[in-house]
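First chain A sits with chain B, and in the next complex the same chain sits with chain C.
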Partner chain A sequence: MVRLDSFAVFFKIIISAATAATILFSVRSAELDPETKGEYYALLLAVTLGMYLMASSTHLLMIYLSLETVSLTSYILAGFLTHSPRSSEAAFKYITFGAISSGTMLFGISLLFGMTGTGDIMLISSRLGEMFSQGDVYPLAVLLSITFILAGVGYKIASVPFHMWSPDVYEGAPIPITAFLSVASKSAGFAMFIRLFYSGFKSADASIDWSLMLAVVSALTMTVGNLAALPQQNVKRLLAYSSISHGGFLLMGGVLLTSEGLQAILIYLVIYLFMNLGAFFVVILIANEVGSETIDGYRGLGSRAPLIAVSMAIFLFSLTGLPPLAGFAGKWILFAAVIKEKLYWLAIIGLLNSVVALYYYVRIVKAMFLETSDDTESLSFSPGSLVLLLVFVVPTLLLGIYWNPLYELSRVSLGKLMG
Partner chain B sequence: MSVALFIVLAVFILGGGLAVVVTRNVVQAALALLVSLVAVAGIYLVLYAEFLALVQVLIYGGAIVIVLIFAIMLTRNAEYPRTSDNRQWPLAALAALGLLGVLVPSFLINAVRGTEPSNASFTGIGESLFTTWAVPFEVASLVLLVALIGAIIIARSGPGEN
Partner chain C sequence: MEQNAFRPRDLLNKEVAGICGVARLTDKARAAHAGEIGSYKYGAASKQDMGILSFLGISAEVFQEAAVKIDNDVRLGAWVLDNCGRSDKDLSTFNPIALLRGLGASAVKGIALVIGLLTFIASLGLYTGFDATTATFQNVTQQAWIPGLGTSYHIGIDGISLWLVLLTTFLTPLCILAAWNSVEKGLSGFMMSLLALETGMLGVFCALDLFLFFVFWESMLIPMYFLIGIWGGERRIYATVKFVLYTMAGSALMLVGILVLYFQNNNSFDFTTLSGPFEHSHLLFLAFFIAFAIKVPLFPFHTWLPDAHVEAPTAGSVILAGVLLKMGTYGIIRFCLPLFPDAATEFTPLIVPLAVIGIIYGALVAMVQPDLKKLVAYSSVSHLGFVVLGLFSKNPIGIQGSVLQMINHGLSTGALFLLVGMIYERRHSRMIVDFGGLAKRMPIFATIFMVVTLSSIGLPGLNGFVGEYMILLGSFVQGAFSKVYVVLATAGVILAAVYMLWMFQRVMFGTLDKTNEDLPDLNAREIVVMLPILLFIFWIGVYPKPFLSKIEKSVGLVVTQVQTEPTMGRAGEQILQDTELALQGTQRVQHEKIEKEAETK
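Right, the complex of A and B next:
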């Protein structure tokens, strides 16, 4: 039902780190109503518990239940600013989309349960292997049920064509929740994806070519996320689309489910945690001080708040994937895993997308350093905020040069999963 | 005998479902849904799962459809008669028929396992809910708690109250 192995612990650490960061961000956020803070933190802990369960579940029913826990709590957290119409719109779109995706996933789960007679993922794996070797199975039906389950998983990791909720929700939700959703929700979704597809469906992949389907989804996700981010003016929306494209990069590692690919996913998730949370923290700080969430609000930040501007530049360049920052290391490991499996077309699409992404990330850097704003007083931030910012900057700098401990940690975490 | 019962119930389920999708009156759609769901409870009875049939009638018929009709009543006063006006129904019908075309051969070829009722009595379900299925049970109660808290947060806010 629920399994405690090193794989689950790895993801629980990532999710706990994201939750801790979100709590620290929420303390500093000026958006949240002090009256409902108790419920806010309670819901945040509930969604963390749901994500722990998502990372550890090995039964189809448990996977669905934990997914629903996380989804329902996320809907409420996204709509938490009840006086803001954008927040309510975000919650409404999230609910509608999430309900349809969860329903589709449940239909796929029921089909799979009917065909194999069990809900436990390990047993499904052996039953599918048996059924395919005996030949008394209709492959199209298994493919259909896997596709429906992929609908639910794809919604959680915001991959095309289930990504439509992501920009609106990220834009409307309170910024700490956006940061949390972009990192923790994606990590939990990938944990679920790896458990389902690696532990559950790998025995069926000789007869059904779902790896091609995953590769196409990955390529589309990267491309759509990047192209849609190009014209964005709102920084939250831009980071939402960039987050979608990073989901596509992560999915690249999961296409053929080799151990290198899965390791690359785990490593990139940790690096992505630091980069993305750091970027969102800067967005929170600027939104509190300047009151703006658009790129125009970042003008002249290089002179007004140099430490913040340099940190933001580090995060943005790391998100692009420029050496010697952590994002480059993560992308390199991912591409190495993809090229090793000879999926050259996917690697080329990934490279082209990284190049295109540079444009919209550098637009913010250009606004910060090369443009001036009318308001030229320098901004001051509390020492606590600066220390928290450094907590994200330092790993982004270090992991680009020395990522070996992370490599070993991910290899150990995957060890039990393979067996 | 059970085949005849199944066919009668299936007619109600499919008829109800079709009526939900086809009718233009939202209230009629909700009531057709009720017919369909209570017929599903009948199927559960044919399969000797009395607890499930009871729960189906209670929760689906007694709670969900009621809430649906309340929601319609509270939000759609002026637009009762003509609300569903969907021009995409040919595409939807095509997709549904395609799904049927894939599912029917699969259920004819694959043996559907797990159809032997095991521990489906009231005591059996109660026992397994607290032993084999204890963790999903507790997680489900967490889901309910979260939904309750969320509903109160969203519904409570009024303009500028202190």
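Right, the complex of A and C next:
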């Protein structure tokens, strides 16, 4: 049912780091009602438990149960701002989409169980291999069940066409929860995805080519995410769309069927953890001090709060993938893996997307440094917040220049997953 | 928020504030004769001053008495206020960047200049230690970086990069000097960006690892973005976003190219181990070439250039024109030509017309510009067209000419931007119509401007001539593309004379406008900035041998790598030999002349 291998441990570290950061953010967030904070933290830890299980599950039933644990608690957390209609709307949309996609996934699981007679994904892998070699299976039926299961996975990692919920949820939910969902939920989703598709369905790829389907999904996800991010005025919403496009980026590593591809996903997730959480933390700080989540509210920050603005610029340039920042390292390893498999079309779409991404990330940098605001009073932040900010800035800078340890760690963590 | 908590780090700030406070309070005391402090015009700041006073254990009355006495401190306080460049409000925030900003402006400039000069002096060691008899890379350093990925920190120089490195280290301190008084806000940020940019440029010219090259190539985007975007002109935001997007689009393709090469090169990014032929060499060539062509910029990728050049601050324009554009041509000579010779040969008939169009088009557009800076910007498009033309002649003389012309263009266009910046600082206009008759008011400025103008046109005896002559000669004697292009390119030289001299005439001669009557001539600092450039303009023009001799071997290697077929006819070879002899002869005569002069002295 569950496996505790180095792969699961790697993801659990990412998830617990994201949880720890979220708790520290929540303490500093002015949005949350102090009276209900007790439940809030309990729920946050419950989600974390569910995510741990997602990273370890090797049985279809366990996968579904852990997915539902995460989803149900996330719904409550997204709607935690009871005074805000946006937050309630977010929770409602989240539930609706979640229910539909997990229902679809359950249907896929039942098909697969019917065909293979087992829920253990290792056994499924060997059964599928046998069935395809003996020819006593309808490839279309397998494809259908895999596609249905993808609905559940795609919903967790917010890939097209299951991404619709995420901008509204990201915008409406409390910012710490948005940050948490964008990093931890995505990581857990990818852990589940890799388990399912690499331990379970890899042998079926020769017959039904699900990797091509995923490659198209990946290209669509990053393009849709990026294009939708272009006109956004709300920084949270902009980061939500950017998070969708990063999901598409990550999926590129998942379509290659190589350990390099998976390694790239692992590395990218760690880097993404630092740069994305850092960016969201700045959003929290600015929301507390300026009371605005729009790009206009970031005007003149370069002179009002230089340290915050410089950090934000570092995170944003890193998200774009400019050297010498960590995002560049992640992007490089990912594209190296894609090009090694000669998937040039996907690599070029990905790179063109990173140019588009540059445009909207730079809009925030532009507002901070190149534009001025009428309000010129400098903002002050508590030393604790600044130290926490450094916790994200330093790795974002360091991992761009020297990522050899991370590279080795991710290689070891993949362990025997690729057989 | 712990705004009011006491933090030891602020103590230092408070001392500064104390002095500021003395100045302000004394001011007030004079005005109000020890009246009520709370109402004086500095409002909010006074509270803080009072806070500081009570912190220091001084009562307001005692302080005011003292304040009236210490008249000198008023001046001291004013000096601190001017030089620390910060408001009292900054003092209440905890942040190290503000502390850095609080460093005196002259300290910031001084540190930046010293760093720039030290880099230049250090780079001179490359010149003196350079072995011109070999084409292999020298001063090589190699350190493992990410072994799993096959990257290493591998740097070194050859005859081509030597001069570009020296050009970079030479221009940077001059830019710092040129920006001495013209940066009004965020001086330390400006200097940091400038020096970060220098790091990136030097890295690009030295990198012998494709990955390292790409890191340096892209890392220049961020400082340049801020240089144009924060300290630029009116339309700076538009210009900087356009610049960054263009460059990024180009380098995205190059990234694919580098990765494809990497897998064909046994998973190694090491440039020195790369050897063709490569699969898909045509596409690879294009992936690299487009990135470089955008940077050069080759027509039709040039549209970012006028915006970026015009909107950038003077130092930014000088670096852009002087060094950044050369990264494109350097990339072509370093990667496109030697790695993909077949593709280079096949695309030559496509690229050469573009280069020639750039030459003519840039010159024609420059001619009608009403704005001095825009005129110089478009002249860059024209000049860089020459460089690309010379590179694709693929024979030693053409490529040597191109490398020399890169340096020449860096010097003369850099100097032109500096001069335009100087006149802009005085008049706050760059429109040609606003000037006229300046030669009478500013003789030194006019003289230097004339030399630089003539150098840019390519007057024999000055640096521009040598480069352009060699490029035209090299392209004329090759057999890969039609000589019609060379004839057309030569027309570009004439057009250059037209637009430059016409501009010079309108600015320097004619009637002096009344508003320009008080313009001061160049001051000592500005002359110091211009003199080294003038020295090299004359030096390369009169005696280019020390420059060419260092380039020769490395270019020779590129030529052997790129020449897949004989690219010149029999007659061409003859002409080439004759010309080389003639060139050597002239140089010998000049050399003897110089020696004789030295003897007679």
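Throughout what follows, the second predicted complex is superposed on the first by the 418 of 419 C-alpha atoms of A that agree within 3 Å, B and C clash if a C-alpha of one lies under 4 Å from a C-alpha of the other, contacts with A are read in each partner's own complex, and residues count from 1 in each chain.
Here is the rule we use: a residue touches a chain if its C-beta (ideal position, glycine included) is under 8 Å from a C-beta of that chain, and two chains touch if they have at least 3 such contacts.
All of these numbers come straight from a predicted model, not from anything done at the bench.
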Overlaying on chain A: chain B and chain C, fit or clash?
fit
Is A:100 touching anything from chain B or chain C once the two structures are fitted on A? First, second, both or neither.
neither
Which partner does A:403 contact after superposing on A: first (chain B), second (chain C), both, neither?
second
Can A:333 be said to touch chain B (first), chain C (second), both, or neither?
second
First (chain B), second (chain C), both or neither: which does A:354 touch?
second
Degrees between the directions from chain A toward chain B and toward chain C, using C-alpha centres, nearest 10
160
Looking at A:23 after the superposition, I want to know if it touches chain B, chain C, both of them or none. Which is it: first, second, both, neither?
neither
Scan A:317 for contacts with chain B and chain C and give back first, second, both or neither.
second
Shortest CA-CA distance in Å separating chain B from chain C in the superposed model:
25
List the residues of chain A that touch chain B in one complex and chain C in the other.
none
Touching residues of chain B toward chain A in the complex: what are they?
99, 102-103, 105-107, 109-114, 133, 135-136, 139-140, 142-143, 145-147, 149-150, 152-154, 157, 159
Per the contact definition, I'd like the list of chain A residues that touch chain C in the complex.
302-303, 305-307, 310, 317, 322-324, 328, 332-333, 335-336, 339-340, 344, 347-348, 351-352, 354-355, 358-359, 362, 365-366, 369-371, 377-383, 386, 402-404, 407-408, 411
As the complex stands, chain A meets chain B at residues 1-2, 36, 39, 42-43, 46, 49-50, 53, 59, 61-62, 65-66, 68-69, 72-73, 75-76, 79-80, 82-83, 91, 111, 113-118, 131, 136-138, 140-141, 144
Write out the stretch or stretches of chain C touching chain A in their complex.
1-3, 7, 89-90, 92-98, 101, 145-149, 186, 211, 214-216, 218-219, 221-222, 225-226, 229-230, 236-237, 240-241, 244-245, 248-249, 252-253, 255-256, 259-260, 262-263
